[in-house]
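Okay, so subunit A shows up in both of these, paired with subunit B first and subunit C after.
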Partner chain A sequence: MIRYILTRLLGLLFVLLVLSMITFWLMHGVPGGPWAYGQQLMSDQQLEALKARYGLDKPVWQQYLIWLGGVVQLDFGMSFQHPDESVAGLIGRTWPVTLHLGLLTILVAFGVGVPLGIISAVKQNTWVDYLATLLSIFGFVTPHFVWGILFILTFALYLKWLPTGGWEGPQYWVLPVLAYAFAPIAMIARYTRASVVEALRADHVRTARAKGLSERSIMSRHVLRNALIPMVTVFGPLIPDLITGSIFIEAIFRIPGLGGYWVTSTFDRDYPMIIGLVMLWAVLIALTYLITDVLYVFLDPRVRIR
Partner chain B sequence: MATAELDVANRPLPRTLRRRSLYRDAVRRFFRNRLSIVGLIIVSVLLFAAIFADDWFVAPFLGRAPQPLIAHYGYDEAFVGPTGAFPSADFWMGADLNGRDEWSRIVYGARISLSIAILSQFFALLIGLPMGALAGWRGGKVDYVIMRFVDIMSALPVLLLAFLIMLRMGASYWNVLLALSLTTWIEICRLTRGQFLTLREKEFVEASRAVGSRTPRIVFAQILPNALAPIIVSVTLGIPRAIFAEAALSFLGVGINPPTPSWGQMIGREGIANMTYFWHLAFFPAIMIALTMLGFTLVGDGLRDALDPKMVEGK
Partner chain C sequence: MRRSYRLLAISLLAVLVLAACGAPAPAAPEAAAPVASGPVVNRLGITLPEDALPLEQQVFRYPSKEQKYMTWDASVYEENDGDNYGWPDSCVRPDKDFNPQPNVCESWSVSEDGKLWTFNLQQDKVWSDGVPLTANDFVFTFQRYARADYDFEWFYSMMGIKNWAQVVSGELPPEELGVKAVDDHTFTIETDYPVPYLIKIMADAWVVPQHIVKDRLDDGTWALKPENYVSAGPFVLQSYEKGKRLVFVANDKYTGPYPPMVDKVIVEFMEPEVRFAAYKNGELDAVGGGYTDDLPPSAMAEIMANPELKKELISWPNFITYYLFFDTWNPPFDNLKVRQAFSHAIDRDKIVNGPLQYQAVAAYTMNPPGFPGENVEGLKDVQAFDPELAKQLLAEAGYPNGEGFPKLTMYTREANPALTNAAEAIAAMLKENLNLTVEIQNLDYGSYMDALRAQKREKSGNFLFALVPYEFDFVDGSNMLSVWGGCENAGADLSQMPGRHTWYNQEYNNLLCEAGQLLNDEARRNELYQQAERILIEDVALVPIYHGIFNALVKPYVKGPMFEPNSKGQVTWNRFRFSSRESQIYMSSSTRE
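Up next is the complex of A and B:
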């Protein structure tokens, strides 16, 4: 097991290396530089001096090696858009907000999605099921920024129940979390329904019914246990997506999180920040996949790691 | 090997017959599903609006610029009076802050969104299908190289990749198309590879090889038709995702260049900033994006259910 995890981590290192090269090449290939569209007028010498200071006068491969050398010592460089902050510092400052939003969203998504899926599986082909299916189609299909806009228009501007944006207290959390959670709720409900329906048809469930077990104990001990295990692989990949934040939700609700930096750092050619974010994303994705795979082995004794 | 015997007895003779009836069954199943009919209606209305927004198909013969048909005005025709006007009998969806008719811009926006979404899937298919087929058919080193490349591509956030491509190429219609095709072929490639991997081991392929069929015949006449159903579904379901991606890029200001309208751009440029007062600027494009994605998703879901041979009828 430990050997397996170590091999996977080694593979991750390789993927990160290649990914960082591609990103480096892509972002330096984008025309313009960090100070090309600067507001302040600079003389050519000043520009040269700035470039030299950040090492941008060197060839790209040298810059890459310098960056790599820094990363080995856990130094991700200084952000260009906030010259007094390091990339790690900037991420450390803004990520907690995004993380907060993301964790709330995950909580709501699973808290609503799983029960909804179970209910519509148990009450298959009744109006409850159809309602849940319709709801999950709408949730699945509508982009979260559309939900955000519709929620703001209805609940904040028309009904005036909740604030339009900001991030100051629980009443500010409701709309962004709802808008953000709608799609995951739909997805989770859909997969849960399919999985539970399949488990309900299994032979051992029929046996349990024949034995005269109560419907409740059949559900909790025979159906749900089996149905929810494969869901781990579906849910795992949702998580890095949710905790790295959405540009749109954060822009629409004016949330001071990490999401906006995906865009601003690309617009400003903030190279260290771009590559820092890509690395963060890749590590999160790879780790969630690894954790799901390992978790799967513990949850389902039939699965063996090769 | 009772099953193998059965297969041999069944397969060779009614192969063409069976294939035709699978698709005929699929059509029947598709039209029996109420939701997919709703989807089909939505998609048809949108396509109709996109095609007949103006009379571009006769204008060149009459030697004049296209004139609006379903749209009321040109998409960049500005009026001085109704700047930011709310919806009314003259301006069905109001006017934007440049005094342009929102309804006309929505209709022209449909043309942009739909054409980009459909064409990007087509180009993604052109890249993904051969790559996936090659990887799945040849296996070994070719497979390894293609799949590692696919792995790395899929580790990059799609939106960021599209964003970088857009920045590098500059915002324009064709570049959005390029960026979306380059980011969506991966899934089609994976799917095709999976199909080829399983299908090439099947008995009917072996049988075909045993009778002396050449590789092109096996690949195109035997495996491809059998691999096609899930690929069709994936492409159809890729359309709403492409609509979302185009809207997202335009929303962020790197997609379609103004004054050409795109729904995402309408939300991003004027909609969000003025939502507290001019609600219609964000509302209508948002609804249109949702409706379009709904239509294509329903059609895609319907196709998947209809084409899935494992689906037992009536369940």
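Up next is the complex of A and C:
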């Protein structure tokens, strides 16, 4: 098991190396630079001065090696958007806020989505199921920024219960978490329902009923445990997505998190930040899949790692 | 096992209940207004008007976007708000009619030949750390502006300061620059030729603290260190909460003609799309007034339909022109008839009365109404809407009914909703009136400027056609026309000619050059600018589409001299750079009329 995990981690290093090369060449291939353009056309001399200031006057392969040399010493360079902050420092400042939002969202999404899915599976094809399905479809098809704006209109401007945005205390968390959680609730509810319905139809559940086990015991020991396996596959990747934030949610609710940087780094040609974020994302995804694979071992006795 | 499921179920239920309940609502943002007992005196010892709210409520909040730098000398295009009132102070300040008034520079004079300016500073001016502000700070300021990687260097290069280009390129040491300190309170500026509008640019001579910055080539990060929060202006930075806000407090060391009344100014960082809602919810005291789209067409419609909001609205014409430009050095736009056809095919009235209602007036000139040297009346018919004439001109150019005309892309630069609406309307009119297919493509700033630069430098013609704004920097006839030309360097290649676009006219350049050096005769200068603009418009270097109108909402309890009209009877909500705004307001217990 330990060996398996170590091998996977070693493979990740190789993936990161290749990914960083591709990202580096791609981002430097886009026209424009990290400097302010102003209104006037720049003279050649100005352009040279600016390139030198950002260390962009060397060939791309040299810039890459310089970057890689820094990374080996855990130095990911200085952000161009916040010239007094390192990439690691900037992520360290903003990510906790996004994590806070993301974890609350995960809690709400699973807290609502899983029971909703189980209820609609158990009460299959009743009005409860139809209502849950309707809600899920709404959640699926409506982007979270639409929910965000609707919530601001309703709870801030009309009812005056909550502020329109900011990140100062619990009352500021409610609207963004709800808006952000809607789509995952829908997804979790749908997949939970499907998994549970399938598990309910399994032979061993019929057997359990036949031998007179209580309904609660059937649900917990025979249905849910088996339903968890497909759910883990689907829900695993949801988590890195939610804990890295959304530019829409963070912009609409003025949350000083990491979400916006996925986009602004590209617009501002903040090269060190772009590649820093790509690396972060890759590591998170890889770890999620690794953890998912390891979880299978515990959930499904048929899976064994050699 | 069973117990753990029950535990899970209970905790899930708890989460559900929590999510449903939400949390307590925030304190009512618009608190009732208690009247202060006795006069309110701020930390400078200034007594506020009788109706002023208590000092702790003298807080003014407005929205802005978080930027990279803090100060004017670091970057003009990427600095946070507060750059003008919370760090430096300027040599002179424009009044409501944009005429320069004494500020840090108490008085000035210019020599007979117009090439030597002398400025006398206020005697008792100190930085907020107590260090005296001297003429050497101004000398250092100009040395700092004269660096190649400064994004506003081009602006100060228009002052014609002796040895400017050589200092920028590093050929000469900064001490050789034509800005010299005579004594602690006097400095001089020597120019290569007379520059009649130099005093207007001195409104943007934002002094830099030499004792703090030290290195004139500093990359701009000096102002991000809290120990360097010094100011010569009416406010000083108290805190910078990254990603959230800037808090400025009144600078108790400030001496000068624009002392603050409010105690604090808070700049809340937020995206333009959410500002209107935050204003309505009482989280901001003012919104809008810039050309970021705080109040898009949808918000304007709501304001106009709501009598309360309408009372809080301030609208005034901005000196900004949105125009279409062409690559006149390459086909098909090298043909004047094609450009004329375009200029007659666009119905500006339809645009400004439709999607851009309340946000624009129709434009037929580069210089907007009320700008020095403008000739709106004289030129308004040159490019008048006339679809029949447009069709005929296009046919004469060899494209009857648009046949054979290449497929076009109209570029925009980080377009806001209003500009996107205008671009779509123009594309529709070109289709309807000339049967041309135009696709719209929005570019980010970097890609746009790179393409524009390449078009001029390489005369390549890949970037034919775009719709962009130009906003004034100082109120002088030379300013907006300089987009299209200026004094030529004899024998320079076309690609090195002044102006940013691929249009060239020698006569135009000569007129601009002559007017730009003419001292003490504003009437003659403006006459020359009118002649120059006629060439520009008749040759269809551009198709002006609209001049922007600025709209701002300001809560009715904000009062002060800011709301007194200018000589044209207009009340404006211009930013500090053009109005000294943050020094001209206070929070009142009554409402403005």
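Just so it is clear, the second predicted complex is superposed on the first by the 288 of 306 C-alpha atoms of A that agree within 3 Å, B and C clash if a C-alpha of one lies under 4 Å from a C-alpha of the other, contacts with A are read in each partner's own complex, and residues count from 1 in each chain.
We adopt the following convention: a contact is a pair of C-beta atoms (placed from the backbone, for glycine too) under 8 Å apart; a residue touches a chain by one contact, two chains touch by 3 or more.
On a predicted model such as this, the values are computed, not experimentally measured, just so you know.
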item	value
Simultaneous placement of subunit C and subunit B on subunit A, clash or fit	clash
Touched partner set for A:152, first subunit B, second subunit C, both or neither	both
Touching partner for A:160 - first (subunit B), second (subunit C), both, neither	second
Touched partner set for A:108, first subunit B, second subunit C, both or neither	second
Touching partner for A:302 - first (subunit B), second (subunit C), both, neither	neither
Which partner reaches more residues of subunit A (counting touched residues only), subunit B or subunit C	C
First (subunit B), second (subunit C), both or neither touched by A:174	second
Contacts of A:50 with subunit B and subunit C, given as first, second, both or neither	second
Touching partner for A:22 - first (subunit B), second (subunit C), both, neither	first
Subunit B versus subunit C as contact partner of A:82, first or second or both or neither	second
Which of subunit B and subunit C A:211 touches, first, second, both or neither	neither
Superposed model, subunit C segment overlapping subunit B, candidates 147-155, 183-191 or 273-281	273-281
Subunit A residues contacted in one complex by subunit B, in the other by subunit C	30-31, 152-153, 157, 164, 251-252, 267
Complex contact set, residues of subunit A against subunit C	30-33, 35-42, 45-46, 48-50, 53, 80-84, 93-94, 97, 107-108, 110-112, 114-115, 152-153, 156-157, 160-167, 169-171, 173-174, 177-178, 216-217, 220-221, 224, 251-254, 256-257, 267, 269
Subunit A partner contacts - residues on subunit C that touch it in the complex	1-2, 5, 9, 11-12, 15-16, 19, 22-26, 28-29, 68-69, 75-78, 147-149, 151-154, 168-169, 219-221, 224-225, 241-244, 268-271, 273-274, 277-278, 280-281, 283, 444-447, 449-453, 456-457, 470, 500
In the complex with subunit B, residue positions of subunit A that touch it	15, 18-19, 22-23, 26-27, 29-31, 137-138, 140-143, 145-146, 149-150, 152-153, 157, 164, 247-248, 251-252, 262-263, 266-267, 277-278, 281-282, 285-286
In the complex, subunit B residues that touch subunit A	35, 151-152, 155-157, 159-161, 163-165, 167-168, 240, 244, 247-248, 251-252, 267, 271-272, 275-276, 279, 282-283, 286-287, 289-290, 293-294, 297-298, 301
